[in-house]
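Chains here go by letter, A, B, C, D and E, matching the order in which they are written, and residues are numbered from 1 within each.
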Amino acid sequence: MSGAGPDRPLAHWQHRLAERGVDRQLWLLVPALVFVIALFLYPFFYGLTLSFQPTKGGPLSDYARFFSDSYERGTIWITLRLALPAALLNVLAAVPIAYRMRGRFRGKRLVTTLLVVPITLGTVLTAQGLLNFLGPTGWFNRILLATSLVDEPVRLTHNYWGVFFSLVITGFPFAFLLVLSYLSGIDPTLERAAATLGADWRRRFTRITLPLLMPGLATTFCLTFVLAFSVFPSAVLVGNPAGETRVISLAAYQAAYEQYDYPYASAIAMIMGFVELVIIAVVLAARSRLYTGSTGGKG
Amino acid sequence: MSAFSQLRLDGVSRRFGGQAALTELDLTIEAGEFIALLGPSGCGKSTALNCLAGLLPLTAGSIWQDERRIDTLPPERRGFGMVFQSYALFPHLTVRANIAFGLRMRRLPKEETRRRTEEAVRLVRLEDHVDKLPGQLSGGQQQRVAIARAVVFEPSLVLMDEPLSNLDAKLRLEMRTEIRRLHQSLGLTTVYVTHDQEEALSLADRLVVLREGRVQQIGSPRELHTRPANWHVADFMGYRNLWRGRVAQSDGARATVESSGHRLLGEVVGGLHAGADAVVAVRPEDIRVDGPGETRNAMSATVEVVEYQGRELAAEARTDTGLLLHLRTEQRIAPGDQVKLAVDPQRLLVYPADASAETDRLPHASGATR
Amino acid sequence: MATTTQAPPARPPATSPDRRRRIAARPAAWVVWGVVVFFFLNLLGVVASVLVSSFGQRWFDTWLPDGYTTSWYARAWDEFALLQVIIVTLEVSVLVVGLSLVIGVPAAYALARRSFPGKRLIFLVFLLPILMPPITYGIPLATVLYKFGLAGHMSGVVLANLVPSVPFVILTMTPFIEQIDPRIESAARMCGAGLRTVFLRVLTPLLVPGILASAILVLVRTVGMFELTFLTAGPDSQTLVVALYYSMSASGIRAQQSVDAMAVIYTSMMLVLLVVALRYVNPTQLVAQVKDEPEH
Amino acid sequence: VGCGAPEAPGDTTGDTTGEVPQRPGKAVTLNVLDVAGNLQLTQAMIDEFVSKNPEVISRVTYSKAPAPELAGKIKAQQGADRVDIGLVLTGVDGLAAGIEQGLWIDVLPTFQDRLGGMRDYLAPAAAMQQLAGNAGVTVTYYPSGPLLEYLPSRLATPPTSADALLAWAKANPRKFQYARPANSGPGRTFLMGLPYILGDSNPKDPTAGWDKTWAFLKELGQYVDYYPSGTTETMKNLANGTAHLIVSTTGWDINPRVLGTVPKEARITPIDGFHWVTDAHYAVMPKGVSTDTQAAVLALLAFMLTPEQQAKAYDEGYFYPGPAIKEVQLSSAPQKSQDAIREFGRPEYDALIAGNPTEVPLDAKSLVAAFSRWDREIGGGKVKQG
Amino acid sequence: MSAFSQLRLDGVSRRFGGQAALTELDLTIEAGEFIALLGPSGCGKSTALNCLAGLLPLTAGSIWQDERRIDTLPPERRGFGMVFQSYALFPHLTVRANIAFGLRMRRLPKEETRRRTEEAVRLVRLEDHVDKLPGQLSGGQQQRVAIARAVVFEPSLVLMDEPLSNLDAKLRLEMRTEIRRLHQSLGLTTVYVTHDQEEALSLADRLVVLREGRVQQIGSPRELHTRPANWHVADFMGYRNLWRGRVAQSDGARATVESSGHRLLGEVVGGLHAGADAVVAVRPEDIRVDGPGETRNAMSATVEVVEYQGRELAAEARTDTGLLLHLRTEQRIAPGDQVKLAVDPQRLLVYPADASAETDRLPHASGATR
């Protein structure tokens, strides 16, 4: 211990660490870290090593195989084309609706519950529902035909749109729930202060609420994006899995479970994780430059 | 935004659930006036201000700006500036950006925004802190940001909710002067909530005293100071010595009040006839400590507590009849001293006793002061 | 207080603050609600078409099925011994949600409140399990769990599902914790509350909306997590999603309606869990309720 | 159910390598995993065995799962030396995957003598058994397809030859459907059956020997709207009129009509010159199960391969006909089966089965190659078209 | 928790990034003392309090409770109570539960918790609000909850950060009395941050004046009031009249200071020799308004501004030499009046001028007061 010498005692070593942010509160990380290290890191590195041990060729040949084959490589773009717009839409649509849901009004709880309930649908029911409802003989097309809006059923399933809708149905409530909760943590007094400074609702929103909500939105986007990026069953069920919705997880799935080529599947999955990581790193880097402190609501 | 010549509150009321926080406030504010809302904690001052700002919908009544009804307008269309009791600074914006916010909303030219923001920063002495976030400021610094933010766009009406409560005496005095100066030089109209009577007295043209959501008195500082409308206002305005008695004689303007042995002459406020129950109110600083010879309007007492307060002493003395009196004096007295305490009849106010529970709690001459 | 006063008739009544708000934001509100209603109508169609189909005897090219039956449910119930499966699913999901919150929230707290050397690396470690598809780590994970005798029954299923759930809780909770004024915690500590008590008595109630949101999301993901559950489950610890995926994609013949029925059962179970959760906690609850605009 | 102290699953205890006794030392708990929908045909057999032989199998549990993940699950258990699945019922795909990864115990020739029923296999079932090498035991068999299915109300005269099919599809664009072969029994039967119908050079070599088939599929693909990801969907489309002509098999013809998901009046037609591409379900034992369990499973399989038990495989036409061994009459099947087959079965099947050659499906490697090529050139080709 | 006989701060310092908020604070607090920290906004008062509480790690120095080093203990193990400047009430708990929190943490018996909570509620006059949430209270009510919460568990040391800043004068006086009473009757040790000198003077046994993070003076109220250690402290302590001059004569204890024409006699604080630059400090209330005949230590001046402030007037008068002086008087003067302003030599303090930029900003006799 640095103790009290004859001169000015130095700060205790605990304080010096604390100044750098290291103190006993970091113990809180330990259970989660131990857990992840014990149950995830080993299996993950196993998978990672596996991806460098292809059934034939050098360590990187499975990666090379993926990138040299346009049918495989194309899955990255196909997946991004689905996941990015869907995640963006989910987050962006959640914001105004959640914004409307602040304050109190009659029926608020009902509307909230209704908006959250689709979260329970699950991919299978959503897929079946989309096929039934939007299919060529489904109610949607029947209504369009009956009202003569179209003279031939509209193709909304077994293509890009089917998967997109399913990503929206399963992803939106998810985004909404998070955004709504993040929003409830922002002190409404701040908006009122902005109002007295002459900000109309629009600018109150863009200048005050939105910036304070941004960190939460970034996280929400990341999570929705990850979910959308790993879209699998719906890409098969309501999409066109050999063609325009052959997403990257399908490629990995086929490698693993149809061709039983686990090293290749691991390589594809690693590529998949890496692409996600790049997008998320961009978003989180942007997030770390935002204000992320107290937003008053709870203090 | 729009200047006006008169702002009229007409029966403005606000309830929270079952509880009335503000009841039928009628008040006309002339352009350029400086109004202070004064009253004990929880009396409805902030509520009144919030109603005026448009942040709380009224539960009854209306607000008129000249001939235009404005209580239906949202806050941003009223164009008033406001300093919040809790500051309500934007936590993600720097001091500079917080202050510039109102100007930005008005889309002033960049250069002007910059200039006026700098000016306001100087006004509140925060030159060294412009780039900090609110979370990095001390309490008083935050309060100063809130003030600068509210006045920088020169609103037609400025609402201030205890804007100086977290500042030290010196700075408070300086800011007080600045606020008064701003008010005059920019031709603002100001409604100012404070719990500090001295602040209210020195700043405002007119004071509104609230109690339990109801207006007790509206008047000039001098009126409030010398002639509180009832004993509650007197109590609030610093008449710390209050006791009950019975009117022995009254000519309408002056009355002699008797309470267990003492007979004191004072000014009547409100109607009082002989035999009525009365409440007597005297400020500590209006009690003179005289030599033992003095007898006019005087009581003999024993000094109990003496507190050093700079040049003056604050003391408590108990009269022979058991009444505890607060006084302030420059004389060097000490606990145990026998003194005569005298009050000028103009400084001793006599009120009718109302039938409130609070009245019952006041001491009769023989009882402990609250 | 004096007697209650009645507003004299001459006083203009206060306009309904309700209407005022609507006027102020009319076009935007209109669009928003319009979109919401359209979304709901279609969603209703999606859900109803599955629901109707699951009760339909035969449903070919018509508006509604030819006849109605509950036999699809009865079959599914028997074929998969669904009672047991549902009980297991409930137990697993409750355990996973509970444990992942207990492990995840403290870590989220440390990440939200502190900046320390190595924070980015730790963040990455927590991010990976969410990013990586279970294909990469599912089999080795199951092997590890089998090795320690944990897989093959519920503990394995719970542990495996915690792998993506704990990081998920950490990621969702971090912004919530950032929002809370640290002075509130300081106040609690000055009252003598240790870190544990600060968590239980002060932070948890304030974090309720966040905890609820992330609990619901973890729940949804857990109930829907096929791979890890399948790989680690024993015969007595299969969850509903395994049965659902089987009915949907196993080789062999299966009526469309029976898949629909399974999907409805799956969704109903989630719905029950959700409604129970929402009954006890309101996701929109503002802790500083009254700072919110008052009810009109 | 606690999750604390794991109760040791039945099979992990005990010897896994030694001599396999005739009967288990003590009754075992048997965990059965079905990845082929085979329990629909065989669960009644197993249940009967267990009730009759409690000293062999004291308790049986069933789990069902999609086939592809099977290998992973077994690998995980074997990697940890704790295999608790005693018996796997699988189709050709799961079987082959396991063989390639070395997951299964070689039942043959070691235990040949314990499985007397294997001597009575139908000829095509015996051919299917060849496919299993030494690892699996064929428990049910059906000739499968390819067949075309249609509703007479929508399509009076179906095409009956490959050329006619192409012409019809061209004349009725988007009305012909088959599901993605990798996900669909009828789909893959159609794919594997085409080389015989078209007379391709080597029906067993999709890479080099299927020129006509690929060309045909490509041309046909121009008139196909999309390839559903499962047979169920094609059936639904047939029923609701989105498709007028789909690919089917015997089981997929009868059972959906029993279930009511396809109108009873639907008809089938063979394509001129077709060969049956047969299909079967297998029983396999993962390596690492105890010798006691092996003994119990062997006893069970012997029981399942008796004619009385095989008769249960008629089911409701799910795998029509179903039995893998000779001389199993419908009349000895459960009454419910008999009723269903009598109402929804087709008399013409007997002749078709007797009168057309049978072929075993492709081996696993070739099949994966065929799927992969189909995905890229036929299924994936749809994107570029628009 | 643990009582102690002495608390020693030894070179306690705290920096934020590059900026020093508190520099080398040395202070020994005896058990039972009432210490007030005083100083301008942003001077480091709250920082000092937070360091003492354990909420901010020190960047240098140490804190000792008797022989035990406590600056490494987490706040909850120090057993101190604290009132936060921003209240920091638990928003999800009712007033009652907020107050009872500390008792609950100490696992007192239910009955005692209830009783002591009720007592504290009465103490802060919130009987009618016990079941409200903090968001439903007025600012002053919130502050009172914060006070009750901090003292209810009778901590060995209570830290209060401007606990009365949002209360009205009457309530503030009452609460002040209560705090003092609590301090004495519970035998607390109290460190009290305030910007209100009067509050500090009347409550504290010793005052600590900070400026820019550094201690300027530690002393009794009387010392602080009559003998501020340097002109900055004098400024802060209400010596509003400050101007520069040159020492004409000095005998060490008294000096005559000359500034453009005036020669005034005053008390020397700190060493000063003839010819040195000096700063003169006088309180407004120490300036007497005398008849024009008076000449001893007097200046003639013209009244410019008069502000009504109750019994007294606050006025500004400009001397013939151009110096603007603040004064308070009971005499009725009016703008334009010619007056003689006199100061007793004991009331006029003479300081050495330090070389700060602030000193340069002080007026020479001929210049405008700041």
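In the analysis below, a contact is a pair of C-beta atoms (placed from the backbone, for glycine too) under 8 Å apart; a residue touches a chain by one contact, two chains touch by 3 or more.
Note that this is a predicted model, so its numbers are computed, not measured.
Undergrad: Where centres are the averaged C-alpha coordinates, which chain has the largest centre distance to chain B?
TA: Following the centroid criterion, the farthest chain would be D.
Undergrad: Contact counts by the stated rule: is the higher one at C-E or C-D?
TA: Counting C-beta pairs in contact, C-D comes out ahead.
Undergrad: On a C-alpha centroid basis, what's the spacing between chain A and chain D, in Å?
TA: Comparing mean C-alpha positions, chain D is 39 Å from chain A.
Undergrad: Rounded to a whole Å, what is the gap between the Cα centroids of chain B and chain E?
TA: 22
Undergrad: Taking the mean of the C-alpha atoms as each chain's centre, how many Å separate chain D from chain E?
TA: The mean C-alpha positions of chain D and chain E differ by 90 Å.
Undergrad: Which whole number of Å gives the spacing of the CA centres of chain B and chain C?
TA: Distance between chain centres, rounded to whole Å: 52 Å.
Undergrad: Check each residue of chain E and list the ones that touch at least two other chains.
TA: Where chain E meets two or more other chains at a single residue, that happens at 74, 86, 88, 91, 136.
Undergrad: Residues of chain A that touch two or more other chains: which are they?
TA: 23, 137, 187, 189, 201, 237, 253, 256, 293-296, 298-299
Undergrad: Among all residues of chain C, which ones touch two or more of the remaining chains?
TA: 24, 61, 138-140, 143-145, 181, 183-184, 195, 206, 245, 248, 256, 259, 287-288, 291, 294, 296
Undergrad: For chain E, which residues count as touching chain B in their complex?
TA: Touch list, chain E to chain B: 16, 38-42, 45-46, 85-86, 129, 136-141, 144, 161-162, 165-173, 195-198, 201-202, 221-222, 225, 235-236, 238, 240, 283, 285-286, 307-311, 314.
Undergrad: If we count contacts the way the header does, which residues on chain C are in touch with chain E in the complex?
TA: These residues of chain C touch chain E: 181, 183-184, 186-195, 197, 201-202, 205-206, 287-291.
Undergrad: Tell me, which parts of chain D touch chain A in their complex?
TA: The touching residues are 68-69, 71-72, 97, 100-101, 180, 182-183, 225-229, 233, 240-242, 368, 371-372, 374-376, 378-383.
Undergrad: Within their complex, state which residues of chain E touch chain C.
TA: 1, 50, 53-55, 74-76, 79-82, 84, 86, 88-93, 101-102, 104-106, 133-136, 149-150, 153, 159
Undergrad: Touching chain B in the complex: which residues of chain A?
TA: 187, 189-190, 192-201, 203-204, 207-208, 211-212, 290-291, 293-296
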